[in-house]
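Okay, handing you the structure first.
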Amino acid sequence: MANLTLVQAINLALVQEMEKDDRVIILGEDVGLNGGVFRVTEGLHKRFGGDRVVDSPLAESGIIGTSVGLAMAGLRPVPEIQFEGFLGPAYDQICTHAARMRTRTRGALTVPMTIRVPVGGGIHAPELHSDSPESIYTHTPGLKVVMPASPYDAKGLLISAIRDPDPVIYFEPKRIYRAFREEVPEDEYTIPIGKARVVAEGEEMTVISWGASVVQCMSAIEKSDRSIELIDLRTISPIDMETIETSVKKTGRVVIVHEAPKTCGVGAELSARIMEHCFLYLEAPVQRVTGFDTIMPYYKLELEYLPDTERISKAIDEVAVY
Amino acid sequence: MANLTLVQAINLALVQEMEKDDRVIILGEDVGLNGGVFRVTEGLHKRFGGDRVVDSPLAESGIIGTSVGLAMAGLRPVPEIQFEGFLGPAYDQICTHAARMRTRTRGALTVPMTIRVPVGGGIHAPELHSDSPESIYTHTPGLKVVMPASPYDAKGLLISAIRDPDPVIYFEPKRIYRAFREEVPEDEYTIPIGKARVVAEGEEMTVISWGASVVQCMSAIEKSDRSIELIDLRTISPIDMETIETSVKKTGRVVIVHEAPKTCGVGAELSARIMEHCFLYLEAPVQRVTGFDTIMPYYKLELEYLPDTERISKAIDEVAVY
Amino acid sequence: MPITKAFTTEIDYVSILDEHGNFDAQLGSDLISNDELVQLYEQMLTSRRFDEVAFKLQRSGRMGTYPQNMGQEATSLGAAFALEPHDWLVPCYRENTGLFHRGLPMEYILLHWMGDERGNQIPRELFMTPLAIPIGTQMLHATGLAWASKYRGESNIACTFFGDGATSEGDFHEAMNFAANLDIPVIFFCQNNHWAISVPGHIQCSAPTVAQRGVAYGMDCVQCDGNDIFAVTKVVKDAAQRARDNNRPTFIEAVTYRLGDHTTADDARRYRDEEEVEMWKTRDPMIRMRDHLKSLNLWNDSKEAAATEKAETLVAEAVKRAEEIAEQPVSEIFDSMYNTIDDPEMIRQRQTMRTSSIGQDPTQVESTEQVN
Amino acid sequence: MPITKAFTTEIDYVSILDEHGNFDAQLGSDLISNDELVQLYEQMLTSRRFDEVAFKLQRSGRMGTYPQNMGQEATSLGAAFALEPHDWLVPCYRENTGLFHRGLPMEYILLHWMGDERGNQIPRELFMTPLAIPIGTQMLHATGLAWASKYRGESNIACTFFGDGATSEGDFHEAMNFAANLDIPVIFFCQNNHWAISVPGHIQCSAPTVAQRGVAYGMDCVQCDGNDIFAVTKVVKDAAQRARDNNRPTFIEAVTYRLGDHTTADDARRYRDEEEVEMWKTRDPMIRMRDHLKSLNLWNDSKEAAATEKAETLVAEAVKRAEEIAEQPVSEIFDSMYNTIDDPEMIRQRQTMRTSSIGQDPTQVESTEQVN
């Protein structure tokens, strides 16, 4: 056991999977000598050499498109996209190719690749370094979408993602890269993709979130004197409705928290499904606390945009008394 | 008044706006001499010349990216993307630039452009010619998303889109390009962006749809002996909640129909909002009849994928007796 | 300091058997044996027959949109011939001739255009990716496939095919750039057939040659007569050697022409002159090949008749296999989505797809009065 | 037919004032007047001062990430000088010197990096787009802007700036290709500073020159010493003339070097050798320019001191204006999203953003017991 940050937990998972399986290779911008702009791949170039930790040209579509080829040939590429704002140029290769290859070839060709992407706001970064596009990829069949909210989960989920026979987008909430530490086992372990985590149990209400927002939810719940169940989705696609349903049938009240814009965000899907699965149990409308339907503002105003403890608390109170 | 197909109505709107305003120019693949692969721009090259109807290189990002520049300079480009499946390479220029330009420059630069895109399945087309990506762009703040379901609306909405000072994605449901004709006034008229159309009034249930699916909904409703209100969204972003809310508060029951995959589709947002706005009025969970959470299959199986009258009728019956 | 030269270059044009029947014996003599020549010609003939039949299938409603290969047979065929059987072929959609040469059963192509994904379920040992519908995107996959070979120290390389139009896409550039800078053993084979649907070549590339696209990357690049199977064979062999020996990619522009419409959905008379087509008909790679075979006394009319009949039979059998394939279970829409389908929502969608709308939770449906 | 030549080309390298002080009078004499030279040097000095101050603002927490221009002043400055005031400048983020020359008040750049969109609210008459954060995407906008000028018969052209890394992006290719094939009067100005963050130039382009990227499009292309303001001025003037006279684009590779870290978030010692940096310090465009001015008796130490003081004042004033700008109303997050904000949902989000969660319909909230 070591007390690790989320960045360190990811780095450890990468090291261990690369040691174990030489089909695993890393490629991306500045992932080599520089160890990534967030130092997530620190030390890997030295340890595994330039053939396995590859500084690529500055071209996101190229990074993902060649990874599709590498994966079809049987390797397990782990491409990094430097910031979620630069997924845009790779959108087509992700959604038109990686996501479709297995089904369009009826399994003849597959794409076991894990796309690592720092995600989300709150670090005073420049434009396009603070977005939350998880809904886009959740709406795209053929992908799995994962976002850890703690160092322990980060390691276990990344190992699962790398070993998964299908393409996984592994979002790394950069706001909590180094925000806190947690005991992380040295040995390898996996956390199943598709299973949410009940962070805290409670009776009166269910709060659902993922990524960095889980931390805000925890502090809002701490401040409240109600008995609140907190679910960290961990996997955004597929959605673990079983865990959600069990909780909502118990509590009858739900608040969903995410950073992405509200309209057509993942919160909408959760809300719709909760109605579909738990209609007769709901005592209040499912409430969403989200980013606004605006462009993520530059950093002077970013804290106005991001769901904060105050807004979450407010929602909890409103839902509680509905 | 002339009796026009949807293709003809669009063509007429283009001709009239180009006559009226020489800032309007068309660019795209095969839009010139060939008149577009669906013949939507037929005759325009001859009428307005190669400077205003431009066959571009085969590069979707280039088409949208140069259109952003043309628009910032004050023109009103109407780029065509040949099929919705080829929006992928243009995703970044649409979402990272066109959608953000006004707000990131606080209005100093704007992008009055209308992106025309044939959309949806049902025409026995090859791979990637039958998708429904409207949710992706509805989740993207800064865009407006429009999809007509009739020749009359097609003309009026396109004129509004071209005159709109902000970027609009104008989806053309290719399944009904020539499926039926309608009286379309010769004179120019506009249909406001952001306003839904109540196609049929009813008391017991609200069915909401857009694009080609509206036709399926009409036939399901015809077959039913219940009193059903049908709303054609017409504009998908922004959503006309006023019309929806009025209807749902009256009927208490809702079925939403769309071709796109279910998870994080626009149906999810509608369902979530209906719960938020009309919780105390709902007598049954909002029901979604959608494409599956799979890749749109090749055409042999496409009719299994697309919501059809049978599935819509089934949903109507289930919701009615809930 | 006066102005100096930072860079100079020149690009070769390779032609061995031209449209007048001139044959450059020095370049061409050891490239293709007589037996091989005959086989290649027969394969062209089969491919052209396939085109005819596919066209009719589309016209009679038995198949969807189909893009003919007619006029471009020498390009993909010469390339497939010049490569090893374990080299990856990464095609666009106008390379049937080469794919058939490699051993792809013809029904795969038919199934693809009949709207059946099983047309893409290509056996691994053929080292071939399925037809690529989105233009310009598959070169990156070829680059990745070749990269994987290099990474593993395997000897196979990749060759990817695409049109003149495809060279306008950003992904083309990124693939070329990755390959050149990371030393990846891949061949970029551009079939410059002068048109991208209705858009003429100079809108895609107004430079004197398309071949010079490769100069941007410091890549070896060459232009050849794409209707000359000798020239194609030579440039691909040379490229393959550079790739195998030094992990160097090559960009090939093969100059050819699309004799038919873009696809069965197209009517080329709307946008191109009949004279241009007529001129190119005289450069038809099959005529040239046949005349050459005859000049070598390897071919005559009775061989032509026999080969034609054989081609007809082969194609007819393939059509039969394609049309008589067992119906695809509807559940296939779901079954190949992931390695394992364990998401309960997806399982539920699969189970209820024909009998219920999909938004409803069945446990709730049961708890209320049922209709139907 | 033996193998023939399909294409030959050569690319010029232009240098006028080199790092040893050699000046090519024939090429350089009429380019920049003495008065202009002094002004340009003063502008470099101001820009470098701006870099220092911006760096300190970041380090003291008064500003976010900032990318220094240090070492590359001659490129954007020479280009802006060579162009007309109504030509579009479409920058990346390392062209402050040129933008200031055009007249952009320095606080705009500060505000941008202070996380304030008003730094992008650039007056129309400056003909300038804001800093571009996503690499490689702005060349298409420049192409569109120039296209619009051509369409309207206006005389202004566009010049877009980007780094060596940016030339790896697909959008770069598409922009170059649109411009070349559709005859659009735009100048593509690549600042090859040898690094893209930690990635060395040969990973972006392993060809002998970056300039030859232009060959792919049949575009005029040229390489110049980017630390030589005379050479930059000359190649941009020539390019502008081609654009204005014939709507022909030009690709320029200006060879330069990033003397500082990539940004304040970077530590270049992790990936590049100190010797390389030391070598390039001797080619610093400011040293070269100052020595040249001195050799012409246009400059001396007291002028340097006075100019330095003036620069300090100018920058300090800009910092003051940036830091003292009125707080941006929070509603600005919404207000510039569309020309008119009439979607009730958006209006509601704007109204309730600080006082309520946003999923709740206020009419329902009112109908239930309120907390707080």
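Just so it is clear, A, B, C and D label the chains in written order, and each chain counts residues from 1 on its own.
The rule we apply is simple: a contact is a pair of C-beta atoms (placed from the backbone, for glycine too) under 8 Å apart; a residue touches a chain by one contact, two chains touch by 3 or more.
Everything quoted here is computed from the prediction, not taken from an experiment.
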Ask   = Of the other chains, whose C-alpha centre is the longest way from the centre of chain D?
value = C
Key: Centre-of-Cα separation between chain C and chain A, whole angstrom   = 38
Request  = Would you mind pulling out the distance in Å between where the CA atoms of chain A average out and where those of chain D do?
outcome  = 34
Task = Specify, in ascending order, the residues of chain D that touch 2 or more different other chains.
result = 117, 134, 168-171, 174, 177, 181-182, 203-204, 332, 337, 345-346, 359-361, 364
Note = Touching two or more other chains in chain B are residues 56-57, 59, 61-62, 85, 88-89, 92, 96, 103-104, 127-128, 141-142, 239, 263, 267, 271-273, 276, 279, 285-288, 292-295, 298
Request  = Between the chains shown, work out who touches whom and classify the graph as line, ring, star, complete or other.
outcome  = complete
Inquiry  = Quick check: in the complex, which residue numbers of chain D touch chain A?
reply    = 64-65, 112-117, 133-136, 165-166, 168-171, 196-199, 203-204, 265-266, 270-271, 328, 330, 332-334, 337, 345-346, 349-350, 353-361, 364-365, 368-372
Request  = State the interface residues of chain B toward chain A in the complex, per the touch definition above.
outcome  = 61, 85, 88-89, 91-92, 95-96, 99-100, 103-104, 127-128, 135-136, 138-142, 237, 239, 260-261, 263-269, 271-273, 275-276, 279, 282, 284-288, 292-295, 298
Task = Can you check the complex and tell me which residues of chain C touch chain A?
result = 117-118, 120-124, 129-130, 134, 137, 140-149, 151, 158, 170-171, 174-175, 177-178, 181-182, 332, 336-339, 342-346, 359-361, 364, 367
Ask   = Okay, in this complex, where on chain B does chain D touch?
value = 25, 51, 54, 56-57, 59, 61-62, 64-75, 77, 89, 92-93, 96-97, 102-110, 141-142, 144, 164-166, 194, 238-239, 241-242, 272-273, 276-277, 279-280
Key: chain A - residues contacting chain D, complex   = 29-30, 32-35, 37, 55-62, 85-86, 88-89, 124-129, 255-256, 262-263, 267, 271, 285-290, 292-295, 297-302, 304-305, 311-312, 314-315, 317-318, 320-322
